[in-house]
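Each of the next two complexes has chain A plus one other chain: chain B in the first, chain C in the second.
Let's turn to the complex of A and B:
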């Protein structure tokens, strides 16, 4: 790249190079002078000629997007001129190409964006101890050298450690504090306070394991594989929109089920793109009211079931496979009156959970609830599939348990064409164990000697107020994270963001900004001026995956791929500007801290790559045994310059690298199918679940004990209706008289294709494609004097944002849909966020298992009096230095 | 042999705009210029509302008004019958923009000439598909001989919809497999 800049500068470029330059170089290198004019020259160049001169290289697409797709970059003279996706084999529904989405196809716009951070930077008024802390987010940036940057950080870490101890360093690495390279350095340094979050999983993060509703782990919960979807009569989708949140092949798989004759029903406040695709019948439920709806469904099933004339309930299934449904099936030693059936019928509390009762809360008519309940009937082949959006609600810890209960009552588990459970993201619509398993880089795990760990729902309050509820440590996947709560004092003096977009994507961003303005030092690694970096003191520019030697994505990793593939990618470009890898920073920082980096990183990144490559395993045709994936020769090892042994696998290293993927070839009748709970349902005695009773627990003592001991909020052992904080009922000042309150609307945050959570939001091509309005029903808009395109001021008890209105009848009245993940752009004068960031509106209120309540927010809306917002694509890129 | 053109399976389209981006990438288009674009429409009133998407680009019309109105011959029929544009002949008069009922030709402001979808003729000549076709996540776009496409995807395909100008004007080489709601006469465009 440097070479290329020189060529441009010395004007010695040939016409072809110049064209290539225009492709990536201009936006890439900020060569504004020859930029936009030359862009269009490429229209006269023939891509096929460039194909002859350049090379297609398998490129990374590594985000938290819900896909893992093949991405290839056409590199001519070190410049990327075009991208493409999977063309390794013929495409078919059974063996589909792993086609990438619009974001992946914009990857070169991101990597070479004019807004890439070029140098280490320091906030002008920062000095050891913090300097003028209030200026965070509005100060000027100064370019500093790597040496200076690392010295500042190391000295401040040492000072803070001496004065306050290691636990005053809050290290945030994205979804887990333990997974970044800085985790290792700080581990060697004596440790750090962790941050933890249930993330996208909401109430599916931990609780399902306690009552037997997890089979393969959090990502692949209890859904059969994609071929079996085609055996369903009815597919009931609750709170899911794969078309916007699970790119890759998920929507394609659901479409195959539709083509095979399945009828779809969609339960969600939004008649979303997936429902529209699948021509689903719509149940327009209010946000965070699924529990009321499902309790009423249970009521209808119980009261309308007639074993001979109208069999709805699978009594045999309930008897063999569950505990807690009725008085006869309660665990030993508990009051039989506490069973689910009597709760639903109101036998003891005098309050039956009828459709009429539920209707008032969830907004679905009692008639429609009754009709929906019958769709679950045991004699049909039903898939009850749930996204996790409605479990990203406060007080929703028993929602997955209730979903399981409905599935168990109707016997839709353990058989072909029957399934119940959550399915989302990369694994949407395709359950089962990974057929290809990722390898390991072989680096030692460096433990964190400090055990403090603060939940996302109270982390900013903890920084500001010095107290938090300690419930163990690890991350949302660790058992140790969900222990009995203990109020602890904490004094955070450093916030170190070594990954993720936590300030942007955690609850209560307004409080988060305040918290960032309190501490002595904020460090952030990033590629752009993200929200984390904007409010930091020292920003370290890191390289993208395109600038690394290579790597892998998918195969049982978190943010894994679908079960059938593993992706590999190679270097596309030299590191841009002064950006360095996270590991380089971790090593150099360790040195400055007087530590031995070899303890954490005993060998280099290339050897790590090789270790990972050599330890990937793949399933055999028998569908049972796993063996090495990649054939590696002595020559490969020599060429790579690493230590290792040759091995035999299913694909040569060369071919794997060239294809950018290994995909298990699926076909009808293969041995890779999967039916969740098959063995258990056939013989629960011989194949017990990992629960106290060995069965599915509709009554779960363990659930109630665990959550109640954590101390965020209370729950019963059976799924009951719990009034949701900031839920529908809270939109009323007086629920009995139905007098509306100050915040009369419910707001949800649909995933949005302009970005992956917050990643890609700065890419102009994507901003142009997806304008990011706020969606309102025309009735609500009219009542508030808002017309199509007007700028709307949305106010919650925590903050204010602006977005332009898009009016749609596809959204239920009373509900506002604000796309998730837009980068905050707070006007310092008014405090109003012009970026439309969802978490400016959310607060710091952890409930249950530490769930983030992104989809339980209540707001008011009004037409904005100030100037109309210009579209995001018209705003200048945030170019610093 | 029939004319060459695009087939669009509206019933499978999720409006993701991957085709739009693949097109931008292939043609390296600046902001403001789209050779393929997606629009979303909705019909009905809550809770009986529905929606559909259309992904559209140049229809390579058999009676292309852009070709007819071009004073320099820049807009012309290529050897395979698709509508092509020669930048060297283009004087930027924009008659084609005014004449095309589908608003397909776009002004490239920096060069003051026109650009539009050329059906990736370079890729096709090299035996490949147009970029959008190979990009689509839902496999809804295909390009080829319309007679063949009709044979493969059914005789019910249309080139007229309430949202589109009458096909009588230009005889577009376009085949759409419509959603039922896209046949309703009343619709609203929805910005997403």
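Let's turn to the complex of A and C:
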């Protein structure tokens, strides 16, 4: 007999009594529990068949990542066992597959992360009015029901509205407060204070449209389409790295131009992966000094131009298409001496903007500046392309205008092989109108009755100090924004994050945490304990796109997709745990607030999906006419259970859904080519631009008036050099004697393939593949006693972070590259962020058009005395509570 | 030897009842936030008796008994405060919202990555389906949560007892073999890693000790199963 049986036989336990006691205990347990985490006996287990083959379903890949790709999941009963990308057709340069990147291929790691938020949670010491506010970010948590969560929120919103009014509710929904479903609910509730940010657009946000540097009404359209890139002799890339920031086919398009013979030149502090791929010549410019460099290029062009022997400037272009270049082409009523050419030559200020002058600021040798200037010469086919990173700098409002000016001076606009302008994200290297246009879900727009909107660069200060500079309503695309500034009192009592990662991605995170610890209530919708949620009181778990009925991505160009595709996706799995859609929350919260949700959401999410599906349009082969994309039958409508009419398009609903994408097939000589400014440049009189003068304005009164009235900082109507706050000059204690200051290094935040901004940062695969060090030039490291792999303490006037050092000659000395978007992990004892969050180091200083200056940060570096930072992937628990 | 045989059968019945109780107890502890009713069962003397029956050495569970003593005294001093403390620790270790030090799902330990709803989860679902069980939270909740796997063991343990009481020994053998298979293929694969990770908790009031207890119980239960199966097969 075995040990256990023997042991019992040796004891005086009776079978009947013991079994009865065990049963009683089990029954008591049954009474104690509420059925969570329990198994149910099925009446019919056949409802689940795990033997059947998995099904490939088109899956969403929806992030603000720089690409827009096809993603598919092999699904077995809600579990994703494989993923793949576009295999709908053969891949070719002309008709490329829409292939996913490492992040998209890790999508299931994110959706099914064990750290998904599963239940509504409340901070333990929160109570109406705020409770112990200081504990935000370090408090314990309690699981609460949806009903409790919505009651808490609704009651607090009502109380705050009664006591302080609607404008004391700061609602942040990511890049715009107006775009989330909660915006509608809060709009019906009487409104909310908005948050606005120039985001990735920096000083491209508003300015270009004022001086004519915008086509089709949106960004990136002053650049020709991808087939025309292959006609360029020289492609000059300023502040761009599509290999990291525009995944998808962008780099491949540039590579075709390379294969066709184009020479590449890269201007950036970092000799990045794109430059490496394209074997670009490197112009290692310092951060936030592009204006000085380009002014010197203008100087060289003006002084070296000789119309017959050395034609560099396209005088005919300047004469016909621009105002403000020289005294002869100034707008009426302004002092002719204020023209650009005389400014560059120093005619009136006695200060020529020579390469020698620029070199001292931008760090590029004067010889290299002169050589670079000649590359722009008018007789070469040149694409002058830029990302917007260097415009995410303080005091950079005149940079886009200067880029335009250089392009105009050299006539690189409006012709095949010539182009100038921004090109980034999903539209990088591929200008032109959308060939497939997104549909509309048909929901009514609910206005916000409150006009307050606080700029990201001062939002946390405004919460803490009760004052801000009101410059108009809405986000950075709003018609009502960029008005004359007006200092207003504001008393924020609720911060409601219905989306985005704003505490993480706005300038001045340390201040932001302080602001979050001041108000009465912080609510955050999220899928994980993001930084927004970590410092919140009530956290609401929301579903990912994989848990929704379906949807679409693309068809609106800017950040949505390239012009040739629209993506569609379907539900992959059921909502995880108690996660709900943002819209469900908006509807239920509306009910709790005593509002009628039908006013904002008159029909359900499936009908919204159908409306959007049915209203997608696509271009005809003639390159002109648009018609419906999707063929929808009566059966489709019946199966979907929606209201609608059958229609004929270019692809059946079934096929569209299966493919996960519709892509316009392109080929050399098709009718979809695009040359920006073509009509304008041919005949500016007949095709004027939407500016005061109808021309490209190198002198823009409108620009200067608009920005100067806003009241953040001043600029001139022509592009001029402005000393940058926290720029290179500020790394010196005394610029004249070149005595270095307390923060001698400039720090930039390159986008990093581990993440899409802050999204995916919790995915272990990506943490392992992309370790997220801080990049240092070996010279700077050596001067500070830092060796490869050492933990570096980086200090700015606003905060401190830790990262391990990666030494590289690819980064120019004096510049530190800290990858953008890492989640904060602040040690409450020391105040040092172990996560390496970029915005811990940045401050709240809005300039110009309200630009967020992510790339103008100055710091000092030192070897950290404490314990070496363990790698992110090895952290047992990323978030220290 | 009839008397002795009877004694053996009585002992097996006791062991089977005991397994059922212990698995139900552990499932309840992991399944949800603690409440007073649950703690009454946990702290009842029957829990010690139950554990004593399977202790291989007399002091196997001494640490846990010490913990029960402390909890009893805490409950007597201030029950609401104690329950609150337990709830806080439960939330921190089993719910979140921060990343958990020991996510309580099998897939995390199979893959050695903090992921749920993986292929291994389907295998667990399949094991449940063979006995017509599905998680109450299906398909929104992952099948391989520790409470669900323990509940499966608890259900099968109870079924085994019922068949044993009814004298249907073939069915008992088959049930016990399936339970052993489930232990080997699932719980035993990850329980030690889980228990070890639970010790990384910043708080050590109750649940980290429960994880160690669970590990020990499961390791012992495999031996108990072996013993009963061997006896029933040979008689």
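To be clear about the criterion, the second predicted complex is superposed on the first by the 818 of 881 C-alpha atoms of A that agree within 3 Å, B and C clash if a C-alpha of one lies under 4 Å from a C-alpha of the other, contacts with A are read in each partner's own complex, and residues count from 1 in each chain.
Definition applied: contacts are C-beta pairs under 8 Å (C-beta built on N, C-alpha and C of every residue); 3 or more make two chains touch, one makes a residue touch a chain.
Since we're looking at a predicted model, the values are computed, not measured.
Visitor: Would you sort A:141 into first (chain B), second (chain C), both or neither based on which partner it touches?
Guide: After superposing on A, A:141 lies in contact with chain C but is clear of chain B.
Visitor: Considering only the touch criterion stated at the top, classify A:252 as touching first (chain B), second (chain C), both, or neither.
Guide: first
Visitor: After superposition on the shared chain, which partner residues are touched by A:574: those of chain B (first), chain C (second), both, or neither?
Guide: The second partner, chain C, only.
Visitor: Taking the superposition on A as described, I'd like to know which of chain B and chain C A:78 touches: first, second, both or neither.
Guide: second
Visitor: Who does A:48 touch here: chain B (first), chain C (second), both, or neither?
Guide: Both partners, chain B and chain C.
Visitor: By the touch definition at the top of the document, which applies to A:282: first (chain B), second (chain C), both, or neither?
Guide: first
Visitor: Should A:106 be classified as contacting the first partner (chain B), the second (chain C), both, or neither?
Guide: A:106: touches chain B, not chain C.
Visitor: First (chain B), second (chain C), both or neither: which does A:128 touch?
Guide: It touches nothing on chain B or chain C.
Visitor: By residue count, is chain A touched more by chain B or by chain C?
Guide: After superposition, C is the partner touching more of chain A.
Visitor: Does the superposition put A:641 against chain B (first), chain C (second), both, or neither?
Guide: neither
Visitor: Can you give me the overlap between the chain B contact set and the chain C contact set on chain A?
Guide: 22-23, 36-37, 39-40, 42, 48, 81, 108, 764-765
Visitor: Which residues of chain A touch chain B once you look at their complex with the stated criterion?
Guide: 22-23, 36-37, 39-40, 42-44, 46-48, 51, 81-85, 87, 91, 99-102, 105-106, 108, 243, 247-249, 251-252, 255, 271, 273-274, 276-277, 282, 284, 753, 764-766, 768-771, 773, 777, 779, 789, 806, 808-813, 873
Visitor: Hey, which residues of chain A end up touching chain C in the complex?
Guide: 1-9, 11, 13-15, 18-19, 21-26, 28-42, 45, 48, 50, 76-81, 108-109, 112-119, 121, 124, 140-143, 529, 533-534, 539, 573-578, 762, 764-765, 876-879, 881
Visitor: If we count contacts the way the header does, which residues on chain C are in touch with chain A in the complex?
Guide: 7-8, 10-15, 17-18, 20-21, 24-25, 27-28, 30-33, 35, 37-38, 40-41, 44, 46-47, 49-50, 53-54, 56, 87-88, 91-92, 95-101, 103, 105, 108, 113-119, 121-122, 125-126, 128-129, 132-141, 145, 147-148, 151-152, 155, 158, 161, 197, 200, 202, 223-224, 226-228, 230-231
Visitor: Sort out for me which residues of chain B touch chain A in the complex.
Guide: Those residues of chain B that touch chain A are 12-18, 20-22, 24-32, 34, 38, 42, 44-47, 49-52, 87, 108, 110-111, 115, 122-123, 125-126, 131, 134-139, 190-192.
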